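One chain, chain A, links the two complexes that follow: it is found with chain B in the first and with chain C in the second.
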Partner chain A sequence: MTDASIDTAPAAGGKGSLLGSDARTKKRNAAEKRFRLYGMAAIAIGLFFLLVLFVSIIRSGAPAFTRTVVDVEFTLTQAEFEAAESELFKTKAYSNLFIQKLKSQLDAAGVEAEFDESAIERLLGKVGSTLREFYRANPEQLGQPVDFELAASSRVDGYFKGRVSRDTLQDSRFLQVSDLDLVDRLEEAGVIRQAFNWPFITGADSGVDNPGGAGIGASVVGSFFMMLVVLALSLPIGVAASIYLEEFAPKNRWTDLIEVNISNLAAVPSIVFGILGLAVFIQFMHLPQSAPLVGGLVLTLMTLPTIIISTRASLRAVPPSIRDAALGVGASKMQAVFHHVLPLAMPGILTGTIIGLAQALGETAPLLLIGMVGFVARGYPDGFIAGFTEPNSAMPAQIYTWATRADAGFYEKAWGGIIILLAFLLTMNIIAIILRRRFERRW
Partner chain B sequence: MYDAPKTAESTVSQNEIKFDCRDCQVWYGDTHAIKDVNIQIEDNTVTSFIGPSGCGKSTFLRCLNRMNDTIDVARVEGQFLLDGEDIYDRKVDPVQLRAKVGMVFQKPNPFPKSIYDNVAYGPKIHGMAKNKAELDEIVERALRRGAIWDEVKDRLDQPGTGLSGGQQQRLCIARAVATEPEVLLMDEPCSALDPIATALVEELIDELRTRYSVVIVTHSMQQAARVSQKTAFFHLGNLVEFGDTGEIFTNPNDPRTESYITGRIG
Partner chain C sequence: MPLFWLILAVLGVALAGFILGRSRALGHAGGDSRGLHSLPNYYGWNVALKIMVPAFGLLVVWLLLQPLYITSQISEMIPEASVADGGSLGLVLAEVRRAAEGLDAAVASGAMTEEFARDVRADFADVTQRLKDAGQIVTGTITQPILNAAQSYRIMTATGNMAMSVAVLVLALAGLAWGLRQTGVSFRARNVVETSVRALLIAAASVAILTTVGIVLSLVFNTVEFFRLYPASEFFFGTNWAPSFSGRGGASDLGVIPLLWGTFYISIVALLVAVPIGLFAAIYLSEYASSRVRSIAKPAIEVLAGIPTIVYGLFALLTVGPLLMEVFGKEGLGWMQSGTSVMTAGLVMGIMLIPFVSSLSDDIINAVPQAMRDGSYGLGATQSETIRQVVLPAALPGIVGAILLAASRAIGETMIVVLGAGAAARLELNPFEAMTTVTAKIVSQLTGDADFASPEALVAFALGMTLFVLTLGLNVFALFIVRKYREQYE
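Right, the complex of A and B next:
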């Protein structure tokens, strides 16, 4: 190394004052400053997109949580009931009674309005049959005042939310301009109002022509059952596989092969797992179609590689000195792993599990193939256990279904569903964080 | 195998052989790490292994309680007789062996649990205590032998990792003696400690000699001279010289030993 002795090379320490910085230092400092600005800009862009996402989700989804209802206090006497039941067109008799009642309610409020039965049907659907079904099911309510909260049709709902206006009314079969005048009168009388949309949260999907009645509740339950299946299967299998591979398995060509395959599985498109589930679970094993059990099995296949990879990483992160210490006092390999290594790796394992579950929760493609999409849920499955094997939908699949439907009413339902999906995810993450804290506290 | 009475008066030369190692070879993959080592380690004696880095002294130490089993590529040959029984025999369970041959590591490695649990772990898994009171007794005895009882007796429920480095190492020694081993292996136990903590540990090693056979690997020749009665000098995987510590340091037979202890190689 003769270069070191060449005295023409500039000395780094140099002469020169410490108070001023030389050109090279300035350049370095500028580069550092630039890099920091890049970093800050990157974070700002990320936050901006997050903000845009949240604002648009909430703005588009919030209307799904309100609905338009008509409040009518209705009393049906025994005599009226019998009279109506003896007529040929029974529901017509009921709706005539309802119209009388509504008119008297408007008169009492001092509002003048003219409407006929067909207008009421455009506004509120088949009121007569609703009333008839209620009184036939609850005859003890006869003669007593009952508060009916009748859901307005989705176009009336759209009128309140600004989706429908007098200019955009096209097909007069569904709603006419005169109906909107009637809605205004009803609002004046305080009969029609906006209420919180509980049926959206607790209800099941409805047909394509009834966006107002569609709810996400059934698919929340479906997703919940699927997550239970995924958790119950993928966590023990994944953790056992990773512990064996990481701590016990000999390092040879076979374990290398397995390792490569696990990494590859994690990158397999989810629709492949879907078609596999269709072929194996439904066509070969004859498990029920559209059931959360099958959905959970398919998602377990998808989640396993994620859990195995993250569990192995967190097992590897436990310092070897802990294993040495345990073996050194005469613990068997299994005792060393279960008493010392696993508790230390637990927070990492939980993080990996929650990432895997979150991924599984948002997965739609494999569910399309096993039929967990579409209008399947007629009310909730009976009982908890049956919920695993009876047809249901899952949240992302339900959102997908709504998004593909033509009626604009479903559009806001899809956004509202996304809000519920995110809330579900957030709840799951919070539980995971609390669990992780508890494990960490036990050092 | 006759049982010699272990009395305090027994002098170094009368000690029975604890470990008898014959023609020991260790390979790491293709690397021949230990070559033809023959050594007899006595009971109630501190034996120190010295030598330059990479000479195989730690490897050999780890053979004595089969910690090399955890390394996939390591291969051990030769006879390691502990009280006349080959520890690499098929019938030997390394778990039982390690309860008999305790180990203290270079870096203090207490479990991230309480001080009490650190010491109680070994006795618990070996079923040495029938009840809590017995376990308490074992823990106290071990901590006293580890010369750390007075410092931690009021905070046994606090994490062992919260102690200072020297205290942690003495806790690890207490943990190792809690299982009542017959041999205590120490792999550079003082390399991460300051001089005061080192002095405490060395004093402790000297006390431990009355009960156990202690084997210590050290980089410090002064330490070897201070604590051990027997010294073995390893170089490039060979056991160059083994004998009384005084002899090795004042009158070495092999020129390599002399070069090492005078600081010319290593």
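Right, the complex of A and C next:
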């Protein structure tokens, strides 16, 4: 930009003046400096906010990726199995067996600990029924040592992550201070440890009282099916619309109307698209509620303007000489566009589409209106078509549902979900940047 | 899913048509494509288009009209008496649909045979018992006429679907025959195909108009419905927002003023944060920064615009709210009752809007001709004086436009206010109080099991209409300002 500004800036410094700077010059120079500082401060504040945002996401979200597990090597003989099955309270028999084994394991490690059945239940949930289900399903494992990795309750997990401490803990039926001593003993014996939280990545949403078991996997699948719909609809429609507007449209009222509509739709709040989806797709057309298909349709309408605007820009960037050359060797206008202009504009179109998809992936509000809230994501769909029509959630809606739940254990999950969402967005944006760098031609 | 197979079948016919049309054209020309008017593929495309366009067109129209027709037939069957007790016809129809789905599921799970599900004279108690056995939810509102209506609903839907499949396939085959009959040496296939492709392009471009029409219609119809149940004057001028949660019958106050006040208050706080920071950042980036600083700082600030709003919402709820509570809450200054407040949502929304203001203003400042700056420097002005007295006035219309666009974003923003602003509708001045906005109330009135006939749910459409008109007005006004003053300096 500006030879002139570089030349004049030092001159305004006033050092070279023969008479020295008078009060007015000093004032003007001070104002100059101040103004510049305001600008720097503004940039710094913006970057500071960005930093704070990322630090708080990573700091609060990272714990979601670890969980606390108890490792117990457990052997159940056929005789013990039969004895337990013949008792009246079968799961109680199993938990008593488990407690014996745990005690002996602690003794072997040289750690002394006192605990009863209720303490184990507060720490690990219903161990007895877990064991019973396992052995009833796998009778061939009887008599052989099996390594059990049992998930600790979310409050014990919170103790490891610093969410729960002795000072703030009040004895309740969920956790007592004495249990924390037991947890410390178990840690000494190496029985309890932190492990990577696979169930969070692969699991589905859990009930409101079980933050530990909540996972984001099902809603990732929901988002995936939604993005398939968005891609399959918005790319062809967007490209077709842009080709028409950029290459064929005559200058008339209809074209003007379309143009005005596209620029207005780009600025309509996303929640209005949710209302549209609710009224048209669900109330009027009776499409299934909470289905990724409907979510995809709504997001398609929302991303179309973005895709059309970027596609038109990349079509415009193809120089007219390409079209002229094609027309000159006898191609029809349609052939010139589809055989020559479109392939050359494709990298730009794909970049714009990926950015539009990334926008759609992070959108929450319209999904809430069509019923894709988090708690419907209770499992994976049964098949490919069911993936479109069965009720499911999407990542941002799942995060919203967790954020509105009362149990603070869900907040950690929400932050963790955000890390996964941002990882997807980052990947998409990086792909877009690579596409642009590699294939974009400057004419 | 038969619909899926139907679509596949049509696509299959189209593929066959493409191959047949192509080979038939080549056959007519004796295998030498030079004898044809168009390239052989165009003959194939001609046949394929004649199969797909009418068949899929019919499919879409049929899918849209069939439910309407069936609904009108069913509503004639329902006696006045089942509707009279406080409900509406729409509720009864929903019940019919649910009962029909229950019958479907029961047949699928084998709890009853197809014949039994269709038998109109079947014993009412027996049917409901079997439905319950099949694990279907049978509400107490199912009565004999509703069950009969559900049965004929099922039969009509099944017949309709069957007729649709037949009609679509027949149309596809007719298209195949028509296309193949046309195919000949002198048939101008390319011209025909190009005309239809052009028509398809126009149709795609018109989706934008359809979307706008869909938005306006869905808002207008439901808003009119709402104003029939609730007086418009009380909606627009009421200063109290207190929907009754008991559903119909309870007295709800649905005045929009407190919601608008919350919306504007939060937007103003957000703009007070975003405009100074964004504007100064833009000035610094375009006038002072070296190209290296610019190449790092500009994309870094624009990252803020790419972050989904749910992230900002969570940031407001879990980071900014508690932080503000420490300073202004009970332990601090005592102005704040809870973490959610106008200030929380406004601050975070302000952060989100910084890149909007800064990158739009940046473009506009860069568009001011260099000659104007040089003229100012030549008169002895310092750089900041030039910016303040020459560049900014020249860029002012564009900057005002950018701020208006940011304001329209702020008004339409949903997730930040849903999570960060609270749920209580208040008309107060204290920015540390929880208030709520139009968008937040749209979400809360339409999520959950609201029935769409009650004013409590329909009010969301009136709110949506208000929001749509507001943001549209702001956008049009912004464009008007930018257009009107843009060319002045070029």
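In this section, the second predicted complex is superposed on the first by the 378 of 443 C-alpha atoms of A that agree within 3 Å, B and C clash if a C-alpha of one lies under 4 Å from a C-alpha of the other, contacts with A are read in each partner's own complex, and residues count from 1 in each chain.
Just so it is clear, contacts are C-beta pairs under 8 Å (C-beta built on N, C-alpha and C of every residue); 3 or more make two chains touch, one makes a residue touch a chain.
Note that the structure is predicted; figures quoted are calculated from it, not measured.
S.K.: For A:Pro250, is the partner it touches chain B (first), chain C (second), both, or none of the two (neither)?
M.R.: First partner only, chain B.
S.K.: Would you check which partner chain A:Ala317 touches, where first means chain B only, second means chain C only, and both and neither mean what they say?
M.R.: Touch partners of A:Ala317: none, neither chain B nor chain C.
S.K.: Between chain B (first) and chain C (second), which does A:Ala30 come into contact with in this model arrangement: first, second, both, or neither?
M.R.: The answer is neither, since A:Ala30 touches no partner chain.
S.K.: In the overlaid three-chain picture, which partner chain does A:Leu344 touch, first (chain B) or second (chain C), both, or neither?
M.R.: After superposition on chain A, A:Leu344 lies in contact with chain B alone.
S.K.: Tell me the contact category for A:Ala195 with respect to chain B and chain C: first, second, both or neither.
M.R.: Neither partner.
S.K.: A:Ser332 in the overlay: touching chain B, chain C, both, or neither? Say first, second, both or neither.
M.R.: both
S.K.: Is A:Ala232 in contact with chain B, with chain C, with both, or with neither (first, second, both, neither)?
M.R.: neither
S.K.: Look at A:Leu421 in the shared chain and tell me whether it touches chain B only, chain C only, both, or neither; answer first, second, both or neither.
M.R.: The second partner, chain C, only.
S.K.: Please identify the positions on chain A that touch both chain B and chain C, taking each partner from its own complex.
M.R.: Chain A residues touching both partners: 332.
S.K.: If you look only at chain A, which of its residues touch chain C in the complex?
M.R.: The contact residues of chain A facing chain C are 1-2, 4-5, 7-9, 12, 28-29, 31-32, 34-36, 38-43, 45-47, 49-50, 52-53, 56-57, 60, 236-238, 240-241, 243-245, 248-249, 257-258, 261-265, 267-276, 278-280, 283-286, 301, 304-305, 308, 332, 334, 358, 361-365, 368-369, 371, 373, 385, 389, 396, 399-400, 403-404, 411, 414-415, 418, 421-422, 425, 429.
S.K.: Which residues of chain C touch chain A in the complex?
M.R.: On the chain C side, the touching residues are 1, 4, 63-64, 67, 97, 190, 194, 197-198, 200-202, 204-209, 211-212, 214-215, 218-219, 221-222, 276-281, 283-285, 287-289, 297, 300-301, 303-304, 306-311, 313-315, 317-319, 351, 354-355, 358, 370, 373-374, 377, 382-385, 387-388, 405, 408-409, 411-415, 418-419, 439, 442-443, 446-447, 452, 460-461, 464, 467-468, 471-472, 475-476, 479.
S.K.: Touching chain B in the complex: which residues of chain A?
M.R.: Residues 250-251, 319, 321-332, 335, 339-340, 344, 443 of chain A touch chain B in their complex.
S.K.: Under the definition above, what is the set of chain B residues touching chain A in their complex?
M.R.: Where chain B meets chain A, its residues are 65, 67, 70, 72, 95-96, 98-99, 102-105, 107, 109-113, 121-122, 125-126, 159, 161, 172, 175-176, 178-179.
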